[in-house]
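Two complexes come next, and they have one chain in common, subunit A, joined by subunit B in the first and subunit C in the second.
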Partner chain A sequence: MKPLLSLQCKECDHEYPIEPRTVCDECFGPVEVIYDYGQLQDRFTRQLIESRPRNLWRYRELLPVDGEPRSGLQSGWTPLIPARRLAAELGVRELYLKDDSANYPTFSYKDRVVAVAVTKAIEFGFETVGCASTGNLAHSVAAHAAAAGLEAFVMVPHDLEEGKIVGTRVFGPRLVKIRGNYDDVNRLCAQIADKYPWALVNVNLRPFYTEGAKTHGFEIAEQLGWRLPRHTVVPVAGGTILPKIAKSYQELIRLGLVEDNKPVMHAAQAAGCNPIVKALEDEEDLFHPQKPKTVARSIAIGNPADGYYVMKAVRESGGWGASAEDAEILDAVGLLARTEGIFTEPAGGTTLAAAIKLIQSGRIPRDEPICVCITGNGLKTIEVMQETFTQAPVIEARIEAFTDLVESAREAQPARQPVTH
Partner chain B sequence: MPKTEKRCWLTFEGGCQDEPCLWRMARRFPDVVFDVRQASVGKAIGIMALKFEGEQTDVEAALAYLVEMGVRVDPVQGGSMVAG
Partner chain C sequence: MSITIQIPAALRPQADGQASLQLEGGTVREALGELKSRYPELGGRLFKSDNEVNRFINFYLNDEDIRFLDSLETKLKSGDELAIVPAIAGG
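So, the complex of A and B:
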């Protein structure tokens, strides 16, 4: 019988057994985990999934692990929110937010990919894990490694926000600041991975790590009552999550767990770092690496490792891409917070701002179901939002002073009306 | 002299995609053997995956010469690895 799992080159289809491998020996193309779906057809059912605990491991048959999960037993199953107030604001009929800003334990979608990568690292016998990171991955690797009792090395750009440095160091990894941007850090990590016997999750465990991102898509489908949104808008940094959400949708269709509604994938990037969106708009086959300059630091990757596959997934689904200027990104962070009570980081603002552009341009019809993927939490990057506010009023501790303040505010701005449905 | 094998992604853009960079490298370093494994070349950008073999100093000098000509050289990240 064919093994349930194997690795296959994305370019030349050469197959390999499951092993710590990232590229094909024949053509140097990236390898990807493939599954024997025939074996899963009757045994991976909605009933089985629904009977399991509400975490990302409820989809374990479609994740590349052999034994019991060793990490992230509380990760995943984040809220899928029907965004009625935001939908009214944008003039669309059906809008959902998949909110990984509430993911456990480090409040970003990275807890999904790291849960799978750390489990796989332990299965392969690695004792040290690490990563190249723009912040969220650093948090997640450090936290999951601490909980699993593994050593961790985390490499970040030297100018990473202080909140992300502190939020990583608290878990006790060796954190190293590298002079340069994320792409420089990533290049160094490729050399580190060749020299040291470590599992750098987004470098030499990449084929396994990226599979964890599929759980974001599985959850969207299950939480929508086993159906797919017609349009999914996803941020693009290294290019992990968008092709894997597309893969998750196709796997669910193939296994008969959802109907095929021809789901469309759309890419969101910051205008200051938009190699993929630019290549889509220019209808080029290859993207040009860029030097990032944007407030959306967590998605500031100018040379995305899986960028080509993002373009492929977007094009094959009939989707498109949009990029947002810094001011639009921060406006969208504020809009999401004011309408839905969700504080996302600039990456989430980018995704929403791009979704708005895609709606306004008609690429996303207003009457079709839309899901916007929110991948990180705003509390990690409060400094970028600080500048968007004026000083809060300071008054004496007297009720008269408070009443004066409220009355003058009422005169200046009438109270907001709640959206009713 | 120790022999070496290096696997690299080469990116040609910013003008060097219109220049015969590999031919020039081959002329200057005739003992460096290179093998094209994958290539995608457009008008504005070209990307190739190559394996280089030869004396370590020759291979490193050949790669440095490509960089000097404006070619971006990135290592192919690992084949199969051993945990430790």
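So, the complex of A and C:
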């Protein structure tokens, strides 16, 4: 028995059956899946979850599917890293990294939402899936569609990073580059959804797609030993993942799976695209859309549809926001790589850079447990890091040449310190 | 000024099923006011109050979000296209 009841508008409470649906017809607010938590109370236990395979479907009772999972059977269950070297560098006591740069199959948090959306597309009987994307979603939709034998139509801004384009095209979708920024792509997709009978995962499958993001939070809690971090720092683009991590924590609390430690949510954006952080800082009710200009292309959404829910989740939890300049973003990418051996894309650099600012400003106390959400992989955007290095040395294949190089380098740069535990 | 308004699928039942229609107005506010007087039920969904549009709906004048122009006071010229588009999730 599935405790999946219906869809309900988050703004006006109007109810709809479980069906493909972009927004509420009454008020245009987003609709959300309603679960029967009462029925799950004693059934959805730690033991049951722990007995299941290590992928995001171990939380299936809290995902909006009726039958068996049909996509992403290996997605999720990414590493939660106790980041000791980075913690020492930042002067904080307990720091974790939830590392979706290692997500399967396309190395970003989007494999979570797409696993659910593609399963749902198959349940609804669609033969074509698609999306509007800043890159990672297109990559993920194309891969999941290929594996499920569905047609894919993905729409991206015309000037996206090459790694994301090639990484997506290899799966054989129809990829269309749209002149303009992501917000232009998004507007077009809303109109495409009105015209073609396709499952556009972030449009008419949005109520289902967004729920997949909760699994990032479920995993953090389970991997911490059924405990919540006190502070979670999350990147914000369209505004899906931050409120959904907050929701995942509240669901676990409600079902008695973790203790309520009053988890605090913090928003991270690039300074060149920070409508939500700006509204938080200015304590405004409405955010103002922006024209993005940032190296963090995957989170360059100037008019975030779920922005109000990000503001609500941050405010209700007592959190805050911070934004990072391009140079700070790339520095943070380098810092994460050098301290923890993780190569993230600029979205991850943004999140770490914002976390550092929140720690420095005292918004995040140094002695409280912190989780930084790393949502994407740096190998997709190598061009942005290229200019941060000097040229690598080239030498002849002779030991003398090598010795000369090592000796002169040793004088210039002291050896790296290992962490002591 | 005669302009074209594009209606999203979710609002077409309240506009006799039309995907687009022509109407008159000197500003976006006037055009939407005219739309509201023709189709009161549809109009009711576009506005939160007289001065505030529904924050889950975006209005694009010739492909530009009106919040980058003069919002509701943006001036219209003949042949302009005003699209009503629901805000959708991103990625």
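Here is the rule we use: the second predicted complex is superposed on the first by the 417 of 421 C-alpha atoms of A that agree within 3 Å, B and C clash if a C-alpha of one lies under 4 Å from a C-alpha of the other, contacts with A are read in each partner's own complex, and residues count from 1 in each chain.
By our rule, a contact is a pair of C-beta atoms (placed from the backbone, for glycine too) under 8 Å apart; a residue touches a chain by one contact, two chains touch by 3 or more.
Since this is a predicted model, take the numbers as computed values, not measurements.
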item	value
Which superposed partner A:Asn377 touches (first subunit B, second subunit C, both, neither)	neither
A:Asn136 touches, of subunit B and subunit C: first, second, both or neither?	second
Subunit B or subunit C, by number of subunit A residues touched	C
Partner chain in contact with A:Ser248 - subunit B first, subunit C second, else both or neither	neither
Which superposed partner A:Val23 touches (first subunit B, second subunit C, both, neither)	both
Partner chain(s) touched by A:Ala199 [first = subunit B, second = subunit C, both, neither]	first
Subunit B versus subunit C as contact partner of A:Thr351, first or second or both or neither	neither
Touching partner for A:Arg187 - first (subunit B), second (subunit C), both, neither	both
Which superposed partner A:Thr210 touches (first subunit B, second subunit C, both, neither)	second
Touching partner for A:Glu284 - first (subunit B), second (subunit C), both, neither	first
Footprint overlap on subunit A, where subunit B in one structure and subunit C in the other make contact	11, 22-23, 25-29, 187, 190-191, 193-194, 203, 206, 286, 288-289
Residue numbers on subunit A that touch subunit C, as the complex places them	11, 22-23, 25-30, 110, 113, 131-134, 136-137, 180, 182-184, 186-187, 189-191, 193-194, 201-203, 206, 209-210, 237-240, 286, 288-289, 291, 301, 303-306, 308
Footprint of subunit B on subunit A - complex, ascending	11, 16, 19-23, 25-29, 121, 124-127, 187, 190-191, 193-194, 197, 199, 203-204, 206, 284-286, 288-289
Subunit C - residues contacting subunit A, complex	6, 8-10, 45, 54-58, 60, 63, 65, 67-68, 83, 85-91
Residues of subunit B that touch subunit A when the two form their complex	7, 9, 11, 13, 37-38, 40, 42, 44-47, 49, 51, 72, 74-84
